[in-house]
């Protein structure tokens, strides 16, 4: 980790700081753990009590923060400022450099300049990897897939044939992109496989969590829109279309052909039935089951999912009744 | 993709078609996306409105379909016909051919004729792979496991020792077959591992989704019955017995020693407690928690799961009461 | 499998046995399947009826078991005794021996004596592997990670940089340890990644199931306490702290920064919101959603989770009302 004069950090985040100018920072930590050469931040008021006792050399806080001492760097958005500081100085991660002689790369594949490819990677016929992209060990990229530039694909990810991935995407270990959708025609008492010949298309700036699975379309495309962030162990069915800048938290499942608008936020363990239309800026609370279309901007929760207010009324009714009956 | 005279397709699906005889088809698409050389289909009435505007050169429709134009191929079951047409002409997928010199194969393993084995595959002592089976890159097959003929094992699947897999099975990327069941004996404040020395046995024509995990039996067998289709990220506990021709949709979990009959259909994110008996043709709605035995043919939903009718009555009651109390 | 005189087994488990002294045992099975040279056990009263018809040569039963015949080995805890017997004689599993020439091991890595490392394993700079640990094929261990002694890491597990794993840990296939936590700062309509620069620390005697994902801390540590046993497809968010000797059953999810005490038991498919404090010995029923702190020893269930008694009252009320309204 580099050693950074605090003045550089203050300038970088456009913050206000009144402490000693000769302080230096060489790392980042939590309010509870950070030491005198580490920067930390306060964003969640739940942790405000820890500020008094933190050992951090510098604390990114909101402009309206009231505290005595000289360690505060006041900014408009301390969480975002922290993210920028860490990314700028303290987030380097070791990664494959160059092309490993232990990788298996088809002669017809195209590897961009400065790409890093680890050992035991398989890159099949006609695959394209963009400039500066990093493919960790054990990744499988099947025929005809394309990966944009500045992507990071962590170990043991499996990318099926024909998948298209944009620029600056991050895919965490053991995720699967482009596996067959779940489609069968039952005939004569047996389930016959519907061949899944569509693809998965992932737009720019998407992040996909560890162990997440995204099925290819039966026909056409399964799409993950630009800037969408998907957590671990999420399941996306065939022909689903997720809009731009959505959040899909861990263990969410979306059944086939459902469409999500932009800026949709889905909390953990929620599920969507198939063939639904979910509007822009919809919010889904944790562990909900969305079984009907949802209009733009509506917040839903419950099994089956209903608007927040309706859910709250139902809960209140249930509590009253349970009490009365005791 | 091959170019196929439409007459060949009509004959293959035993359909009725009155359009021009010289039409050719060279691919398949959705109602929304298909072009003049592509075949599509209409099965879900939800999409009937798209038929008028589709650009497809041929549309597989039901025998009772009413529409003007000359693009219709009328059949008894358009979804099944589409599956057959795509599988016959338009579903070829690139796969490993021959045995990669970069695979690690024990001298005592038996590899059937025409099997394809990709790079970085590990095949341990005494493993048997049947004729025509395809093992993609990065798959691990531990000692003594047997894989039948005409199977496809996608990248990075892990198959533990002793697992027995039938013919024509498909296992998607990063699935795990035969990991230890979750069994511990607590003694003196510590949890002692119960060694899991049984196996997983998978019968013919089973498909298993990406990231799904199937635990080996503690003793004896965990069994997946013939023709059963399992989606992504499903968890099957030790000593579970799933019957024949079942559907287990994504993110379902089945706790140890539970038995499912034949033709059971379980929707996404549902779970079963352990040691249950679930009859034939039982249907479980999405996100249910099955905590008791279920008799043949019963449809259940809810947490805890109850018969459909009971769940509907409960929902109706709750709605009425919540309204009254406003 | 070895052939063991029954007297050795009786002595090992400190049991009472009155049958023939010349009996031998060469394996273990279930009550339903075991043969005359196999040992089995009866712990769950649900299976008591099977004892009369079992073909097993020896049955570990409780001290108060009443049955005629000469096959019984009476012990205080038959489940624990069975675990010990199987582990002692009948649980050997083939595993990599020595260091495979097909592994990729950084010169700066330290590999302990008697470690076994399979083909296609990647061990990056500065990694330490303890004595007797076994790393199966396809495992990825990134820079600076440490693995203790007597660990077993099954195929295709991905361990990110800096992860610290204790002694005698078992990690099943395709699990991911140390992937980035799910943290973003939304600014100007885009979600900016919060670099995740903390680590995962796993204490001694932890077992982690197949496909489970444990995210590294944003800052500081995500911790899994000593002796905790985690099932398959579980998701642990960044900065979570799981106490000692906990059970987390399959498909459980724990959102960021939540802390669990010791001896917490969480049944399948349950979830926890972030930033919660869950006390010691808390029990969470299956498919619950824990949205608030829970005090020591409390048992909760439901969505949202509430104490068992409250949930039972609510269920009873709902049943009564639904009946009345019919």
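Labels for the chains are A, B and C, by order of writing; each one numbers its residues from 1.
Please note the rule applied: a residue touches a chain if its C-beta (ideal position, glycine included) is under 8 Å from a C-beta of that chain, and two chains touch if they have at least 3 such contacts.
All of these numbers come straight from a predicted model, not from anything done at the bench.
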Residue-number overlap at the chain A/chain C interface, same or different (half cut): different
Degree value of the rotation bringing chain B onto chain C, based on Cα positions, nearest 5: 120
Between chain A and chain C, centroid-to-centroid distance (C-alpha), Å: 27
Residues of chain C engaged with two or more neighbouring chains: 120, 138, 156, 174, 211, 233, 251, 269, 303, 318, 321
Chain A partner contacts - residues on chain B that touch it in the complex: 28-30, 32-34, 40, 44, 46, 77, 79-80, 82-84, 86-87, 90-91, 93-94, 100, 102, 118-120, 136-138, 154-156, 170, 172-174, 205, 207, 209-211, 227, 229, 231-233, 245, 247, 249-251, 268-269, 286-287, 303, 318, 321-322, 325-326
Sites on chain B touched by chain C in the complex: 104, 120, 122, 124-125, 138, 140, 142-144, 156, 158, 160-161, 174, 176, 179-180, 182-185, 187, 189-195, 197, 211, 213, 215, 217-220, 233, 235, 237, 239, 251, 253, 255, 269, 271, 273, 275, 289, 291, 303, 310, 313-314, 316-318, 320-321
